[in-house]
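Listed next: structures, encoded as structure tokens.
Each of the next two complexes has subunit A plus one other chain: subunit B in the first, subunit C in the second.
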Partner chain A sequence: MATSSGDQGQQNCCFQKWMHLQEVDLSELLQALTLSENGDRDVRLSQLVQKMIKHFEEYIQQRNRLSRDDVSAYFAPAWCTSLENSMLWIAGCRPSSFIRLVYALCGSEIESRLTEFLQGARTGDLGELTSAQLSDINTLQSKTIKEEEQLSGVLAGLQEDIADQPFVVIARTSSGASESNGDVERALDEHAKGMASMLEDADQLRISTLKEMISILTPVQAVDFLVASKKLHLCMHAWGLKRDHRHGRE
Partner chain B sequence: MAGMCCGVVGETETSATVESSSRSARRRRMEIHQLKFVAAAAEMAVLLPETGRKRHKVDAVLPPRETEGGADKIQLVESGGSEAKPLIECAPSSKCVSVRTESTELVDECPKFGTTSVCGRRRDMEDAVAVHPSFSRPENTETSGSVHFFGVYDGHGCSHVAMKCKDRMHEIVKSEMESGQAEDSWKDAMTKSFSRMDKEVTEWSNSAGHPSSNCRCELRTPQCDAVGSTAVVAIVTPDKIVVSNCGDSRAVLCRKGPDRPDELLRIEEAGGRVIYWDGARVLGVLAMSRAIGDNYLKPYVIPVPEVTVTERAAEDECLILASDGLWDVVSNDTACNVARMCLRAQRPPSPPRSPGSDVTGVTATDESSDKACSDASILLTKLALARHSTDNVSVVVVDLKRDL
Partner chain C sequence: MATSSGDQGQQNCCFQKWMHLQEVDLSELLQALTLSENGDRDVRLSQLVQKMIKHFEEYIQQRNRLSRDDVSAYFAPAWCTSLENSMLWIAGCRPSSFIRLVYALCGSEIESRLTEFLQGARTGDLGELTSAQLSDINTLQSKTIKEEEQLSGVLAGLQEDIADQPFVVIARTSSGASESNGDVERALDEHAKGMASMLEDADQLRISTLKEMISILTPVQAVDFLVASKKLHLCMHAWGLKRDHRHGRE
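Coming up: the complex of A and B.
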């Protein structure tokens, strides 16, 4: 069993490894997009996408294992920038943001091709997403938002629990801040179990939403989507570092 | 496209809405509905078992304008630039131009349509779409033949008023239509229908216990009083398009102007003055002070629709009904152009901008034309999302071309 400073080290290490893997995976994805459009291209892209999902699952598993000892650290991680932390939903991204990302991606092309289209050019399907895909994404969105709201409710409950028994009673009778109390430790540990279980559920929702989105998209679209999401993640981290630096943090 | 015009009905401020006004989303949240994709072909085959090809003689009126009542002004404005320039203004009672064109043989069949409705960038779905082909066959009217219903409802506060409109409005309209209304009282029938719809919503909200309701507000008062919906309803008959609008959803008619010189000459010789308009025309006024529901805002918000009755013409291409998720970011003309390009793409190969060929070409199959309408509604929806519409987006495209 690691000491508390060891926890921090392991957590940080887990995150740093993950960010490094994001960069490696990103360049592999970008490389794959240059593949010529021959017969097995889609197969290769699909395999690559599956590999990326597997990496994400492994990260989540490792993180869940580590969080059982020290769940609080994941809700405002010291290894993330303030910018990233301000955007966290239950220690990660909102699953519904995957849908927004797809909408943002399919939009960039449609506008530029609209003029040609209106001039009568038949340039295939505009905006790439088919009607079936649009329908599936819309269904996924409503499902995801519903589950997100449920978990948000769980989070609210856990946050409110702090202002209730037993914490309030212990705090009222407490005489000094430095006082160590077995009751407090037990209560906090119990509460942390709830937090860890919620984190697992949130991570599951992230994974399942990602998987479902990938299954809706074509292999090329899926690679595009993963590229955009990884770039966004890496950029947010970089932008956050810059901002932290400007404000004299770290 | 030379001489692109679009007509805007309404108060002076209305002309500003020709340009896409990015109004920020003004609504709150609610529950999600699925995107509906109406497979029109199959459904219509069922609904229209006896699609007899009845023929009617119809006098086309250019531009087809009958604003019933009110101090409304008709404005034809040149669009395409940022400044909308009024070309002509006239009082509603006097038709700007009335030209008798050759009697067109019309066919009584359901127009093809496509609908798309997505939650988009909002977390709550408050739009509802209702399409009921051949929902009524009024027997006591001059023109027999089936009548088709298209409605777009954009709820606010919660979804339940919009959903109620979706479930009930066409039934109410049907009963009003069949209760012995003459054709010239469309405005009465529609106004009554909207009023009845509003009353139903109010009574339904006030009555205790709604086991069927699964919306987020769960009809808890007093929040429930702050729930309402816009409604734009288009009734398409063999010879008329009746649009009733209550709120800021919108119906736009895309009509091809007579851009062949010989056609123009013929019309002028027949005693008419021709106004080119090859583009969009808004049917029904936009008014934020009109809605169904919204009990707490009464009497400031009224459920009285603007009703316009438009004679169908051979030049009619399509009708677009949409919630402001589309109109916030896509102009009337752009919407029209996108829709007509989709519809023309599915028609037999015809060189663009040669209006005559659409009619003479080989008729596309039902499936492909319905696909065209769906393609149009989807493309408009995607365009709205691409232009960062922050609202729910619902689009109905009705193909008004009559394939002979």
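Coming up: the complex of A and C.
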């Protein structure tokens, strides 16, 4: 296990860059939604969506690499707000929340469309999901929840392992908190390997769910979904900062 | 929602007092194990165990009261180490880990007893669980895991709610991170109420599991279990501090 004192700095920097990229990507996505509906619009939107997925994959790869040296830091990151940390599932968002978001967007667009229809106007495209798309999303939801539950079970097992050998015997025979113990270090390193591997699996599930969702949506719906997803993420961070500030955390 | 800037201080103080009490209680429990096996030993041990449960209940009551004003802080406490935070289930230990601990202690005592038996000596009493006790513990385990799963479902629901109304619509129409929005505050306060209520339920499950486990054990077994539990908790905190220090976190 690496012991660099700069771990925290690197982790924080990786996250800050990602949040900044989210803002840049959001601007680009919003800009793309203003493109006129000509022949190559869908191609251009698809390319943009693929670029966003690539950014997410690169971020995941980088944090997976960093987490191998210090996995615990990712389960309650110091660089996230308390509000965000209270919403974490295995160091990130729940993959099923992508699906919940699409349903929420679909519902809210149908609602606003009714008003616009009466006024002769129209907005986004997530209110126009076909029955085939809804069926695919429903299948994706069932599959995702099942895989989430499986990984939650792995997490539960790893958390319970702490109340078992070798930790229990080491703690029992421990004479004091400050003593140095090679057995503890080895046992914790071994346990951390399991945690890092589970984190990678959870990240893979997040990516694959996102990709599958996007493959179900039309290019303009996918952009609409990514816009809402990034806005929600950025807002959650901003709302959390405000609450942390109010409670004396900076 | 209260807005005292001293929230963080009060929460931290509550935790530090609890950790100190754990050390004091541990000394008292260890002292009690040296009592000679006369007629009133079991009565004295039982009284001590009840005192420890009362301390736990008082701590839970205090943090439940504090968490109503700032529940997010308890899901990744700044006063805990990253190692501890990565092991959290709804802002505390998994109730099922009490049972896992008893099984681990039982196993390790049977192992060490074999050596001692051959040497004509003996140690703790958790290696002497009767088949009736093992059956009761097994029933308690099934029941606890079921209740844990139920609460995990409540947590999943609350986490997914963030990707739904009203948050999605507020985020979507948000013009920037710094804007003030009464709708956000109300929605987050409402959501926090659900989180605080779930935290109280999880704490009640922790207490009831602990009490039921103790009611199954003999007084000396219960003391043995509490000693191991407190040692493990104190060691985890100490091990986590060491790792945080190594990774540049203080």
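Convention: the second predicted complex is superposed on the first by the 231 of 250 C-alpha atoms of A that agree within 3 Å, B and C clash if a C-alpha of one lies under 4 Å from a C-alpha of the other, contacts with A are read in each partner's own complex, and residues count from 1 in each chain.
By our rule, contacts are C-beta pairs under 8 Å (C-beta built on N, C-alpha and C of every residue); 3 or more make two chains touch, one makes a residue touch a chain.
Remember, it's a predicted structure, so these values are computed and weren't measured experimentally.
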Subunit B versus subunit C as contact partner of A:106, first or second or both or neither: first
Contacts of A:70 with subunit B and subunit C, given as first, second, both or neither: second
Which superposed partner A:96 touches (first subunit B, second subunit C, both, neither): both
Touching partner for A:156 - first (subunit B), second (subunit C), both, neither: second
Greater subunit A contact set [subunit C / subunit B]: C
Touching both subunit C and subunit B, counted on subunit A across the two superposed complexes: 96, 100, 103, 107-108
Residues of subunit A defined as touching subunit B within the complex: 96, 100, 103, 106-108, 110-111, 114, 117-118, 120, 122, 126-127, 129, 131, 134-135, 138-139, 141-142, 145-146
Subunit C residues within the subunit A interface of the complex: 3-9, 70-76, 78, 81-83, 85-89, 93-94, 96-98, 100-101, 103-105, 107-108, 148, 152, 156, 159-160, 162-165, 167-172, 174, 177-178, 184, 188, 195, 228, 231-232, 234-240, 243, 246-249
Of subunit B, residues touching subunit A in the complex: 32-35, 37, 116, 118-121, 123, 125, 337-338, 341, 345, 352, 374-375, 378-379, 381-383, 385-388
